[in-house]
Amino acid sequence: MIELEKVTKTYPDGTEAVRDVSFEVDKGELCVLLGPSGCGKTTTMKMVNRLIPITTGKIFVDGVENTEIDEDELRRNIGYAIQDIGLFPHMTVAQNIETVPALRGWPKDKRRQRVEKLLELIGMNPGEFIDKYPGELSGGQCQRVGVGRALGADPPILLMDEPFGAIDPITRVRLQDEFLRIQQEIKKTIIFVTHDIYEAIKMGDKIALMDQGQLVQYDTPASLLYRPKNEFVENFVGADRALKGLQLIRVKEIMTSSPPLVEADEGTATVEQRMQYEGIDWLVVVDDEGKFLGWVDRANLAAGQLVSDIMNSSATTATANAVLSEALSLMLSSGLKILAIVDRANKVEGMLSFDAIQKALSEIAQRGESE
Amino acid sequence: MRRHVILVSLLVVLVGLTVWITNMDKIGVMEPFTYGEMLKETQRHLLMVVTAELAVILIGVPLGILVTRPGFRKLATPVIGGANAGQSIPSLAIVAIMVPLLGMGFGPAIAALFIWGLLPILRNSYAAINNINPAIVEAARGMGMTRGQIARKIELPLALPVIMTGIRVSTVVVVGTATLAALIAAGGLGRIILAGVFSGVPLITLQGAAPTAAMAIGLGFILERIEKWMTPRGLRIEV
Amino acid sequence: MLVEWTLDHLQITFVAVGIAVILGVALGVYITGKGKEHIADTVLYLAEIMMTIPSLALFGLLMVLLGSMGLKTIGFLPAIIALIAYAQLPILRNTYTAIREVDPAMIEAGKGMGLSERQLLFKVKLPLAVPVIMAGLRNAIVLTIAIATIAALIGSGGLGVPIVRGLRNARMDLIIVGGVSVAILGLLVDGLMSRLERWVTPKGLRRR
């Protein structure tokens, strides 16, 4: 859907920011432009919507050369989200999000509907946020609104320049997960710039690794990790690629979806019998709505009468969409070899064991090396 | 609230003083100016201020904005530097220099006031546009707004309050400098003040000084309200 | 003659600014103290109102005031009082803002190192505030030169004398001599102060 053909950018003073870059992004794919500072990734992205003029080469958007469309019209069809966000401070959240629809002359109620839908999509309660001003929002909220604004008129393509860059690491992970969830729903064609390899591996369907203006390797994340083309790629990827490989798999792909459950008010005697019968050493404790409360271990059964007396209620959980590296990290820090997987409402969806992670890891490594 | 109280009481005192003096029969060797004369000079003073200000706004604001546009940026330093110089030169000197150049009267007075009042507006217009977070303009461009739309919907609303501040500062300063216009036969409330100074009758000086001070304070207050009114709600939020 | 006028002018300017600085900085520092915010607000507001009163008008008002107190109404006294009053706002406001806006991180660092309030003021806040105060000082001096020119009308001498005389007697030569001289004076001093400002700014804070 987006095709770059030998694109070059040379500045008047002779600097070659982008040299002979060619690659293709298919419809519905998220392509990450990755590389160290100054490698030309942002310049490349900005040539797609002509914020930076191309020196030589061509860029095709949906089959049409992008210089043949009026540049403002081109941009209205492409969503644009940048690191500093650039929310209009004198407009409300709603007015910000509906900028492009308004430019296109959508009627008022259609715009309102769209704004509400987008706010829900990005996880912000419309009733609360519609009339707020950017000055009243936190950094993470601003970033979300920035994404919402980029999606305003439902463009088929999105360009995102380090959109989660200016956020603290905890919020960033959450935003990344949210964004992936959104992308699953809307399936846009996206070019995403970042310098963070973890982000690239986690988010990308394909990665375009650039250095000093040139495209070094354009491949799937797994191939980049396990079949680096040259020394630069190897160094950039880093020696811990096994751990990085964990970014490629999501919890839901290897979790057990119906773990053995028990309710908090059960007696330990009953539980002991059950464990003996089913041959397991632990159970997940839930409340009457199925929400996660803790774990009960066979070894602790003697210590109390009810499950609630002896359960380990360390609250470490993960979502089904999380990547294995996060899950492993949580496991390690909680000291358990199993992890409860919950949905947004904290209801238990499944569980993940350490053994399962190990198994998955060795499978990827084998797969990556033999492809 | 307290500000308004101080302001209003000050205005009341000043106007009260003026009325009181104008009502007197004789002060020492002179008679105070009559209501008719007071009105006439006040009108003239106001006219000078308004004319000069309009000229400054019509030229200063577009000029200030112009030097923020690509292509004209190199002119920014000389232009603003020039206006700066205009303010380093004492107001009396500028007013007086007009005489050998343009003669005396209303016209030359306006010319002097223009030169003197230009800097605040020029500098503020420039800063207003220049200091807008570039990410905002980039986002707007990236979304496909035309140059005109960006100027109208983004830059102007964000710049307006700062420009308004410049207008306010300039106006207040020009009210003061306009008192000097009386020295070059342009009339205005300065005439009354000077009459008092030269004749050695302080109360007559006060008869001119009080309304001038009131005008400066009053105009300043009105313009400040307009300035607040022009600030978009989103910018008034204390983060 | 020109020399005499120029010297007179400079003399009254520096005396006025000198006193204004002492008063202004002291007052400015005082109102940055803890719990003095409302005083600060009022003081600054009054100073602002002061600025909106045209100088000629203030001279007039002062003359009335001094007359009613039985003091000399023309000459040096009313001039210097007015000049000090006008020079206050830039100095006062800049001192206040400069101290207030010292990066809180630096204050915290200072406190963390065990500096007392007084030491904090003299070792951290004031040095960092100096550039902004200098800018205010520069403003004040240029302003004072301008108003001192007008003060010639009430008999305080200086370069305003030839201007006023020239205007009164339609002597273009006097106007030009006075006008050009004081204009050059204003520009020179502004330029000098600009240099001084840069020189005083600690290297680390200078904007290239």
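As written, the chains take the letters A, B and C, and residue 1 is the first residue of each chain.
Rule of thumb we're sticking to: a contact is a pair of C-beta atoms (placed from the backbone, for glycine too) under 8 Å apart; a residue touches a chain by one contact, two chains touch by 3 or more.
Source: prediction; values computed, not measured.
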Problem - Chain nearest the overall Cα centroid - result: B
Problem - Chains most often in contact, by C-beta pairs - result: B-C
Practice task
List the centre-to-centre spacing of chain B and chain C in whole Å, with centres computed as mean CA coordinates.
Solution key: 21
Handout entry: Distance from the mean Cα position of chain B to that of chain A, given in whole angstrom
Key = 55
Fill in the blank from the handout: Rounded to the nearest Å, the gap separating the Cα centres of chain A and chain C is 59
Handout entry: Contact footprint of chain A on chain B as seen in their complex
Key = 133, 135-146, 149, 154, 157-158, 232-235, 237-239
Practice task
Quick one: which bits of chain C touch chain B in the complex? Just the residue numbers, please.
Solution key: 41-42, 45-46, 49, 51-61, 63-64, 67, 73-74, 142, 145-150, 153-154, 160, 163-164, 166-167, 172, 175-176, 178-180, 182-183, 186-187, 189-190
Fill in the blank from the handout: In the complex, the residues of chain B that touch chain C are 2-3, 6-7, 10, 84-85, 87-94, 96-97, 99-100, 172, 175-180, 183-184, 190, 193-194, 196-197, 200, 202-203, 205-206, 208-210, 212-213, 216-217, 220
Problem - Complex interface listing, chain A residues touching chain B - result: 49, 51, 72-78, 80, 82-92, 99-100, 103, 133-136, 146, 149-150, 152, 159
